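Once you scroll down, you'll see the structures, which are given as structure tokens.
Two complexes, one shared chain (subunit A), two partners (subunit B, subunit C).
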Partner chain A sequence: MSDNRNIVRWIRSAFGFDRQSNGRGDPLKILVPLVSIALALILGMVVIAVSGRDPFEAYALLFGDSGLIPGSASWKREFAELLLKTALYSATGLSIAMAFKAGLFNIGAEGQFWVGAIAATFIGYWGPFAHLPRVIHPAVCILFAMLAGGCWAALAGYLKVKRGVNEVIGTIMLNWTAWFLITGWLVLGPMAPIATKFISGTYYIAETAKLTRIMPPTRLNTSILIALVAAYATWFLLYKTTIGYEIRAIGHTAVLGMEAPRAQGINVNKRIVQAMFLAGALSGLGGAFFILGLQFQFPNTAIMGYGWTGIGIALIGQGEPFGVILSSLFIAALRTGATSMQVAGIPKTFSNIIEGLAVGFIALQVAVRFYLVKLMERRRLRKAAPESKEAV
Partner chain B sequence: MRKLLSVLLVVALVAVVFTGCKKEEPATAIKIGLVTDVGGRGDQSFNDSAMRGLETWAAKKAYVQGGGYSDLSDADYAKSLEDYAPDLTDKGIVAIPNIQPVILESKSQEDYIPNLTKLAADEGCTMIIGVGFMLSDAVYTVAKEYPGTKFMLIDAVPADPVTYAPLPDLPNLVCYLFKEEQCGYLVGAIAGMATKTNKIGYIGGVPVPPVNRYQAGFLAGIKTTNPTAFGKNGAAVSQVYANSFIDQPKGKQIAQTQIASGADILFHAAGATGNGMFEAIKEAGGPGKGLWGIGVDVDMGKNPNLYPDGTLTCAIKHVDYSVYMATKSIVDNTFTGGVITLSLLDGGVGWAADHVGDVLSAAQIAQIENLRQMIIAGTVTPPEDPAPAAVGAWVAPTSY
Partner chain C sequence: MNALEVRNVCKMFPGNLANDNISLAVRKGEIFAIVGENGAGKSTLMNIIYGIYSPTSGEILVNEKPVRIRSAEDAIALKMGMVHQEFMLIPRFTVTENIVIGDEPHKGIFFDYKRAVREVRDLSERVSLSVHPEAQVCDLPVGAQQRVEILKVLRRGAEILIFDEPTAVLTPEETGELFITMRKLQAEGKTILFISHKLKEVMEIADRIAVLRRGKLQGIVEKQDTSEEQLARMMVGRDVVLEIPHVESHVGAEAFACHDIHVRNNRGFEAVKGVSFKVHGGEIVGIAGVQGNGQDELVNAMIGFTRPLSGSMELNGSNMRLVTTAALRKQGMSYITEDRARRGLVMPYTVRDNVVMGQHLVRPFSNGRGGMRFDKIAEFAEGKVREYDIRPGDIYDTAGSLSGGNQQKLILARELSLPHNFLIASQPTRGLDVGATEFVYHKLLEEKQAGKAILLISLELSEIMGLADRILVLFEGRIVGETTPDKTTEEALGLLMLGVGVDTKVAS
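Let's look at the complex of A and B:
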């Protein structure tokens, strides 16, 4: 019973309806992303139509095979891929949302993701841990991945509070450090097996370290469940604990130099480092999903970009944990369905265009918000008009 | 305006929900699927080569920019063969009727398995081609799951994740490997003869086995024709890895550093990263300043998007021909699982003439041809391991 109430409260607060979280309800928090996505889809149709293709056919393929709509024979497989991608993207999305709450722009989610991934790989194959039981082993891998990602991000937080290095610069530099440390050294040297005639990249993780599959024969694994727990934990931490309250207080006043929280006796420096650690831990979790659920080794040909995806996802999700899950689902659906569009001779880049447009409209959210507020005002005025006439 | 917007929105939503039937293709067509690696269409090298083998040579179709196919004219077909397969004229490459290519590009590594599975399960492809080393694990997994579908893997043999030995052959999976060290050796020998500064540069993409083989052969070639430029254990050759196959600016930066340190002949085995090498050579003055680039995988001297005027030669690896061969084996019913290694002997690898005639004397070109014959005869075996000790220990044929 209390569980139910919690979920309801979670959903309400996630969208800003919870009195405890935001003071008062803010329907715009749902409307702005929805309107932005709708505008992106409409503009996307125009782009497809202009290129001489049938936009309805394109969207039918895109969403029909995105895993969102059940029915077709391949639905189960696509649904699995959809949830796998959702888990992967929501981790970095949550990371960036968490940092946003503290008024920080964690552009280093990408590097923290790599650091988490390489840590998960190491614990996954390293001898002393290789004989852990099935459920414990991935848990240990995830723990170390989150620790590693968290420490990597906390480094940027530390540089910010002690040396005044802006976190944007600090985390970007740490991205490059992580990239060269991993692809230029670890993956080629210490973590690579000797016999490289048939393989490249690091050792493969032990069978016991792989995430359990929950919907065979598809490769859907527990990562989606862990991502949901992580989203809940992030929300709980932000809205139900002292540390979360203080982080939000810092975030609200970040542009004003955080004088108010400081005057209230909040240890601002400590909270900034902690917020960065938590953000990094969430990115590291994504790295663990990538290795333990999909790759099973760190390939030296890895193409990443999950941290950058996370920025768009956090923006569309309005920086709220539940919003991040929904926006990850949207981006994952676009990317899952993109494959089918290719079969019909529509390039995979069309889904990128829609994705880019959605983020673009979110970036224009001040404008979207402005017109939405204007619209609502006008409606209210129209409704109130007869009464006001009487009053005059 | 607002009304129009909401009407459009509703229409879009309804359409999304209620459509879903796809066009059916004629049942007689043989569907051949192909999944690219993240390089994708337009990498000017590896992936494009594989797609040429399937779309152009086998299916005789032209890709329409943006998606879809049109029929290819006989003249264009002949031109493609003339440009990209002057060395394969005796192989009898002709269009195969009723081949329908279905190509899926991969956006990231987690797309490999869904893309392969989609082609096998939903599209009903007769054979599915996985292009590149990076798809090794994915192709093996899906091939095991769909024993009724045939698979072709280029550049890799799936390896066991514990012992790192090759996995047992699957009856429905054929792996094509290439003797990259042989063509790398020949262009290395040309580079050793062409250099005036005795400094040669090598740019690698990511050190995966096929790239390592190129490097090893290239070093051995230099060792054969120019021991000074080779130095002790290859130390005189500038060898840099970009750790990426798609980082063009990085390739350019490495090439600029090598040119600045006096290198005049540069070779890359780095996919799209290497396009930056040609850019750097062009900006530094190209052949006018004695600078030449050596291309990889395809004859880049025929590609106007790169730098044909500054392309000395190219180490050619006929991925296109291997794809054509595998497709033909489906039609001829001669498909068998296992590993096929293509070499100089069967035309799988080679070198492109490009501007070699402008730089090398006829006697030197005859020597290169002689080395080629010796490799085919088995009297010269270029090394596969680029480690300094291994290449240093390799004994080069004398008097070149």
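Let's look at the complex of A and C:
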């Protein structure tokens, strides 16, 4: 009994809807994303039906092959893909959630992801590091990827603090800067292998730098474990440390231009730069996952979209670290299942539509919240009505 | 005839009965005041009447006919109008544009601005509320902005006007002008509901007064049959000492001094033009002045938000040049702000999290390695909630959910528990009801007795006269007079605050 209560308490605090972390003990925090996802799935069915296909068949395919439901012959492979994607998305999702908590909108997760990826690649193949032992090598790569991504984002934070450049503008500009630096110069020039003209992209990383595979024969690797650790670390930093306390205080007051933390002696500017650094480091971690676990080099073609996906993930996850893990799992499931749905002749676009709808409903969360509150109030009144009559 | 009547209105919020079976009737053409402490249910009742909340039970009658008001549009259709405490104006729009918005005169699909200006000018002449129809709202003083709000409501044909704490943002002169306006409107046959917790004003303007306490109607009294003391007793539920007791204390060492400081405001104009004064331990120095004469800029310089252009400041003997707010606080400065939402508290944070802000880096609230010790903080918060009687008393309530008075108690609890010997109290009772005001006075006097140096900045003359040991009068960024409460009167101070009899050459 008391064990159960402890578990419930732990879950509530992990997802940020206990009274200790948000004061209201707000169950809506978890209801809003669930309802949004449900609405998106229902509306998605309508869209599929309108296009003349059977929605139930489509969903059976989509979720049957998403890796969520064990049983089918290809399940193991799909499960591996699901978790690999989850790790990637949760890295950028955490990045954006971190910035949200400080009241910052980190549009630049995309660029920070690339910068992290290129740093991981470089440390992965560069001579002096090439003979590090198996576990140390990827760890060093990840460290440098996080540092690089963090510094890249901190630059936007610095510009905001010192020059008043809005972080949205700053990070978008840095996205393009990263884009041209990497694909326009590094990948073609200094980091391109000269001897073999047949390889496009950069050198491949050393064998020792690759992330360990944990479920052969699939390519599932330790990235999912690292992502879970990162989520826990983010949660711990935000809710248990003085830095997190200050960052959240700034985040709560930033949007309306309030000065309470500053008036109480908190160094707001320093914390903004630090929060941007942390956000960038998490995106950089995603870049490292991509290189060390999947691609093993920075390709000539671009790696697109992980940063942008992170925005939706963070929104669905309500900006809470463990919420981000769950919402990444959801998006990863949709995208994994989409492939086999397409094989069956139902366009992949439908899973994108569901994804978009879910984010859309989250964006409408004021409305969703409003109706949920109304619903709950009505239920409470109905419950309260007979009691109050007795009391009278 | 009753213009407006509510019968047995109840409003239940989760866990809180905001209005408990309230019935009152407002006669046509009278000024009817509703008073009560912060959180007594005044605003809830007004929002029910204005259709923003729906009542849990009870009915509303307008002109003796039962009505259902589901939205503000319904209320406007019933010829009601609300002048909000926070003005609902668009700063970049002109007066005319703001007044006609939502119901614009038009030619086809085009907005007929000229006709709108004409209409606004006619209206303002008819009700003799002077505004410049083509001025931009952001350039107007607060009093004029309020006139724009009133005109907006009148243009929609309002017969019943609801003023929600209209004087909270006004200077004494502007309040006087507002009361003249209200009398004029009354003479035209309009019915006025006046929400306030300032008893002096209520006694001045209202015909009848309803008192609310904790959601319940305590009674409705005729003005001539009552007094401020009786109203205060009805509001708080006990006798309130509005008199401030005199407290003797030993004047100690100099805690704060500033010499000839000049400070710019955020628009780049010099707002403080050479101010010098000293504050010693065990004394309260009061700064009197009409709002906007440099008080905000002076405080900003003192708490390290802006750097003075020139001059120097010393806190406990050390120079305050180029220091941060954090460093000042470490040096022993505490700061009670008038702007609780903006500067005082992080509203979405809980009471527990707010009460340690500023000392959250010190043991025992942090473990010294960057981790928070929330168990110790909770213990501390529980103690403070009890000591300062912060209601409702749950340390996990958000600061934003507390009433104004309790928010101020929370700020006091935090600021006075910081190690300090110099306290800046900037309008510490703004927006507070009598009970909370009394509490703040009590705490300030306690501080004085404990030998702390206190700088009290206030717009309320009675507060300055009652609390301060020395009074400085600030006018247009300069100190134009120094006196003590026993050598002056409120009237003389009032004149000085308006710059009457100040020789500018002497002042500069």
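Methods note: the second predicted complex is superposed on the first by the 367 of 392 C-alpha atoms of A that agree within 3 Å, B and C clash if a C-alpha of one lies under 4 Å from a C-alpha of the other, contacts with A are read in each partner's own complex, and residues count from 1 in each chain.
Keep this in mind: a residue touches a chain if its C-beta (ideal position, glycine included) is under 8 Å from a C-beta of that chain, and two chains touch if they have at least 3 such contacts.
Quick caveat, the model's predicted, so the values are computed rather than measured.
S.K.: On subunit A, do subunit B and subunit C fit together or clash when superposed?
M.R.: With subunit A aligned, subunit B clears subunit C, so fit.
S.K.: Does the superposition put A:T253 against subunit B (first), subunit C (second), both, or neither?
M.R.: In the superposed model, A:T253 contacts subunit C only, not subunit B.
S.K.: Quick check for you: in the superposed arrangement, does A:K240 touch first (subunit B), second (subunit C), both or neither?
M.R.: The second partner, subunit C, only.
S.K.: Examine A:Q264 and indicate which partner it touches, taking first as subunit B and second as subunit C; both and neither are also allowed.
M.R.: Only subunit C; A:Q264 stays clear of subunit B.
S.K.: Just to be sure I read the superposition right, which of the two partners does A:Q297 touch: subunit B = first, subunit C = second, or both, or neither?
M.R.: first
S.K.: Figure out whether A:I346 sits in contact with subunit B (first) or subunit C (second), or with both, or with neither.
M.R.: A:I346: touches subunit B, not subunit C.
S.K.: Using C-alpha centres in the superposed arrangement, which angle lies between subunit B and subunit C as seen from subunit A, in steps of 10 degrees?
M.R.: About 130 degrees between subunit B and subunit C, seen from subunit A.
S.K.: Thinking of the overlay built on chain A, is A:K160 touched by subunit B (first), by subunit C (second), by both, or by neither?
M.R.: In the superposition, A:K160 contacts neither subunit B nor subunit C.
S.K.: With both complexes overlaid on chain A, does A:K210 touch subunit B (first), subunit C (second), both or neither?
M.R.: After superposition on chain A, A:K210 lies in contact with neither partner.
S.K.: Would you mind checking which one, subunit B or subunit C, touches more residues on subunit A?
M.R.: Touching more of subunit A: B.
S.K.: Pick out the closest CA atoms of subunit B and subunit C after fitting on chain A and give their distance in Å.
M.R.: It comes out at 23 Å between the closest C-alpha atoms.
S.K.: Write out the stretch or stretches of subunit C touching subunit A in their complex.
M.R.: Subunit C residues touching subunit A: 12, 14, 56, 303, 305, 324-326, 328-330, 335, 337, 341-350, 352-353, 357-358, 360-361, 366, 370-372, 374, 396-398, 401.
S.K.: Mind listing the subunit B positions that touch subunit A in their complex?
M.R.: That would be residues 5, 8-9, 12, 15-17, 19-20, 22-23, 37-38, 64, 66-69, 102-105, 107-111, 113-115, 117-118, 121-123, 133-134, 136-137, 145, 156-159, 161-162, 164-166, 206-209, 212, 243, 245-246, 384 of subunit B.
S.K.: Would you tell me which residues of subunit A are touching subunit C in their complex?
M.R.: Contacts found on subunit A: 19-20, 22-25, 240-246, 248-249, 252-253, 258-267, 377, 380-381, 384.
S.K.: Using the touch definition from the top, list the residues of subunit A that touch subunit B in their complex.
M.R.: Residues 38, 41-42, 45, 51, 53, 55-57, 59-61, 63-64, 69, 71-74, 77-78, 81, 84-85, 88, 183-184, 188, 193, 195-200, 204, 217, 219, 290, 294-297, 299-303, 305, 335-336, 338-340, 342-348 of subunit A touch subunit B in their complex.
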